[in-house]
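The first chain written gets the first letter, and so on, giving A, B, C and D; residue counts start at 1 in each chain.
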Amino acid sequence: MERRYRLVLACPDRVGVVAMVSNFISSHGGSITDANQHSDPSIGWFFMRVEIVASSLPFELDELREAFSPIAQSFQMEWRITDSAVPKRVILMASRESHCLADLLYRFHSKELFCDIPCVISNHNDLRTMVEWHDIPYHHVPVDKDNKQNHFDGVKSLIDEYNADVIVLARYMQILPHELCDTYTHQIINIHHSFLPSFAGAKPYHQAHDRGVKLIGATCHYVTQDLDEGPIIDQDVIRISHQDQPEEMVRLGRDVEKNVLSRGLRWHLEDRILVRGNKTVVFN
Amino acid sequence: MERRYRLVLACPDRVGVVAMVSNFISSHGGSITDANQHSDPSIGWFFMRVEIVASSLPFELDELREAFSPIAQSFQMEWRITDSAVPKRVILMASRESHCLADLLYRFHSKELFCDIPCVISNHNDLRTMVEWHDIPYHHVPVDKDNKQNHFDGVKSLIDEYNADVIVLARYMQILPHELCDTYTHQIINIHHSFLPSFAGAKPYHQAHDRGVKLIGATCHYVTQDLDEGPIIDQDVIRISHQDQPEEMVRLGRDVEKNVLSRGLRWHLEDRILVRGNKTVVFN
Amino acid sequence: MERRYRLVLACPDRVGVVAMVSNFISSHGGSITDANQHSDPSIGWFFMRVEIVASSLPFELDELREAFSPIAQSFQMEWRITDSAVPKRVILMASRESHCLADLLYRFHSKELFCDIPCVISNHNDLRTMVEWHDIPYHHVPVDKDNKQNHFDGVKSLIDEYNADVIVLARYMQILPHELCDTYTHQIINIHHSFLPSFAGAKPYHQAHDRGVKLIGATCHYVTQDLDEGPIIDQDVIRISHQDQPEEMVRLGRDVEKNVLSRGLRWHLEDRILVRGNKTVVFN
Amino acid sequence: MERRYRLVLACPDRVGVVAMVSNFISSHGGSITDANQHSDPSIGWFFMRVEIVASSLPFELDELREAFSPIAQSFQMEWRITDSAVPKRVILMASRESHCLADLLYRFHSKELFCDIPCVISNHNDLRTMVEWHDIPYHHVPVDKDNKQNHFDGVKSLIDEYNADVIVLARYMQILPHELCDTYTHQIINIHHSFLPSFAGAKPYHQAHDRGVKLIGATCHYVTQDLDEGPIIDQDVIRISHQDQPEEMVRLGRDVEKNVLSRGLRWHLEDRILVRGNKTVVFN
């Protein structure tokens, strides 16, 4: 695909934002291939995402940022410009369950997901050969129940060493410490195996079975200090019946988890997600 | 449709239940048109539903019950036999919102739902002409905030007078007193406008908006003393986006509510729902 | 809801369209509440829809059109500007089946659909009382199999008399003559009871049953001279099983038909649909 | 899971079938864990599937077959009894596209699918390392456009050599010769990348794009001599919009294809599918 610049911004809603932004682009001959905007009247906030053919602009990325900066300032924008040709660096974290990890690795391998995966980190050794077959380093960082800090120190230094842009918790079953959540705000993506806010916490399929619900689901969200409470990126559900014991629910749920997580990651990699407060705007 | 007897039973799971029941039917020449069974190993319980062409058996309904009774007793069954030609008597209760009521009335009027609707009860007068156009009596029983007991006494005596088999709370926004819930166990059907157990209680669409979920839903359940906690009959969801303010969610949710409620009522009318503990088996 | 102007346009894709349009709006102080755009690279065409708070512009509708006209011309736009406060005039046509008609009447009655319904036209008399209860004139225009032209002459003169903006074929089972299709291009909406292009023509549920499909659907589309071939507005499906005979499929399909048709009409009324060739762009 | 016998049968519908079968089972102390039946009045045919705990019967598989045989004969049954502990032998065939193959291999590897995969056959060499990582032999049998018979002779002898019970065409893009279809009636499962009968034949996503449909789908079916016309096992769809060019439709469709194919194969492996004429009964 042709190289694109992606301009993503949010600011207080005011007359003229779109005009100012689109003028800026067209005055430099920029060719827009995709554009979305959203006004949220309940909070008076405006969101926008534009994809511009890179070769249609007379700028390199840094120049573009510099040129746009005065507009951003005058409208008090939170903004970023990214380059579609630069893959984000994604660290995958997993535990023992392989379905989400295998799914993401396959989508990476088949070029469906455009990113780099510099390494996989796990608190177990089970999934090593699967990962290494993809020529990706596998780091086993065990958890000592009585001293979890060691584990997280190890994780932290790997994230730093590999210079990750995104961390995906692909059924990594440990609760991250607050400082890690804060350092990587809106950069850590988790898949929770329930349709949140139902069945937060442990063993959601068993909780769902006990309650007798007729649909089960999965939720992809950014990780914050508040467990299972971060901004929701995507959710989906699947129908079950009285015949389904928890084991079948676990099996059926896996496909939902995989699809929701890979979709959420894809949107993140394409800079389609904007976060405001505890909610997301997803331009898909 | 040809007249059918519907035999519905639940009992401790034992070898020979199906053989005993099907022998009984076939030894009298009974022609089975529909049959379902379910064993739940987690509770050791067995559930079954059989539809038999009435004219293929040499019994009237009472004789059939009498003839089957010894088998039922020997297997400690909870059971009932109903006659598909006898419409159940369904009282609809509503408040001011008309969508569920109008939907059920239409399905009744177009013969999609086979039942009698002896009356509609409401705490407001708004929906009178819509109901009366269908030649159904409309009873306005106002609620006095400081003395709700009066209201429920009125409701109770109407239910008794009309000899209701089923009571449908079609967005009737009052909490029923415990004694009413107990008197009509598994006979009162409610529609809750959220995907329970998420967003129980008041204003679920606003709760959903605040949490930023990506799907909203509705839940049809039997009413018990524990508000929004009764056995779930059916649920469904619809996708929403960041664009949807609570008003749009209310509008989109209405169609889900209507579909889920009418489906649940239909299954109840056709004796397809068996309740065990706080969960349902739905043979659909 | 606050009064809005809706600007809807399509034109050859060129640098600067968005800038020009948004400049025009913001230079007059116009406050945009909703905006969508779409470039289709396969045909080199650009589509846009903008909602502007009417009171934020110093124009009445005609002045706005006049002011925008030069821009439209310079970009060779196909365009229209409508006023959200002016209801479109929708004539409903039906035959004997009531479910789509009843659904649309209810949504109109409950103000979910913002439009006028000046009359209902049918080739049968069956649905008269239902329509008249809504205070809408009902015109019975019978069809003589040997002289259908008479029927269509009657229909045509009613459409003219009532000055319809939109005609909805709510399970009206006659094939419109070519001249009527041409006179009301992209103004006649039909619901077909299959997931087109599967099972075009008569008795689609029976065709679906014969083929043994596992999902059935419905398709809302604009009517053209080519029967069941017009631009598709929306589609949806529902799962069925081997248990479902054609009669059950008809019953299950009704809910899909109702939902798809009302959704398509709603989008049309809100000027969310742009047609190009035989395909639609739906900004929803 | 405990070992089970699976009795699957179809016969002309008559009073007493269920009684006879369940008597036979219970008279030998057989414990039924799962049972389904279906009468199709339109063809007067009866279908049944029963799972029995193997250890509750005093029979080995052959004895059970012998003991049941007289009943089968007296009711003119088409029937089979299988043993849940004996894995079916599944040959996967693929071309260049890896998504369905990778998905099935993963489900096999993670023990979600209970079967043996004695080999993978492909007309290209691309997917060799992926297959061999799973310790499964990979046979590259090239296709010579001018002499396809060579290819199919090679395929046929591999199928024979490995003694396959099932052949899965996991996006294997060649049309099988008639004799192969006939030899393996209801043993060859294909995934077609459209919601059949729409868009049979080549490049279905491009056909779907040209027609402007709003949902795309996939169909899992048994292969017969009539291309894309065999008995449908399962189908599913996903929503698309005007934004989706054929490439995106291909990407989105892959997940539907994977899910539908793996579900269909699973049902086949568990003997849940009965074929009658060109239609399936699926007891799931």
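Some points to look at:
By our rule, a contact is a pair of C-beta atoms (placed from the backbone, for glycine too) under 8 Å apart; a residue touches a chain by one contact, two chains touch by 3 or more.
Model, not experiment: these values are computed from the prediction.
With steps allowed only between chains in touch, the distance from chain A over to chain C comes to 1. Fitting chain A to chain B on CA positions gives a rotation angle of 180°, reported to the nearest 5. Centroid distances from chain A, each centroid being the mean of CA atoms, peak for B. The chain pair with more C-beta contacts between its two chains, of C-D and B-D, is C-D.
Put simply, the C-alpha centre of chain C and that of chain D have 41 angstrom between them. Between the CA-based centres of chain B and chain D the separation comes to 37 Å, rounded to the whole angstrom. For chain C, the set of residues that touch two or more other chains comprises 41. Shown here, the protein chains touch in all possible pairs. Listed in rising order, the residues of chain C touching chain B in the complex are 98-99, 102-103, 106, 110, 112, 133, 251, 254-255, 259. Against chain C, in their complex, chain A makes its touches with residues 15-16, 18-20, 22-23, 25-27, 29-37, 39, 41, 56. Of all residues in chain A, only 38, 40-42, 195-199, 211-215, 217, 231-237, 241-243, 245, 278-282 touch chain B in the complex they form.
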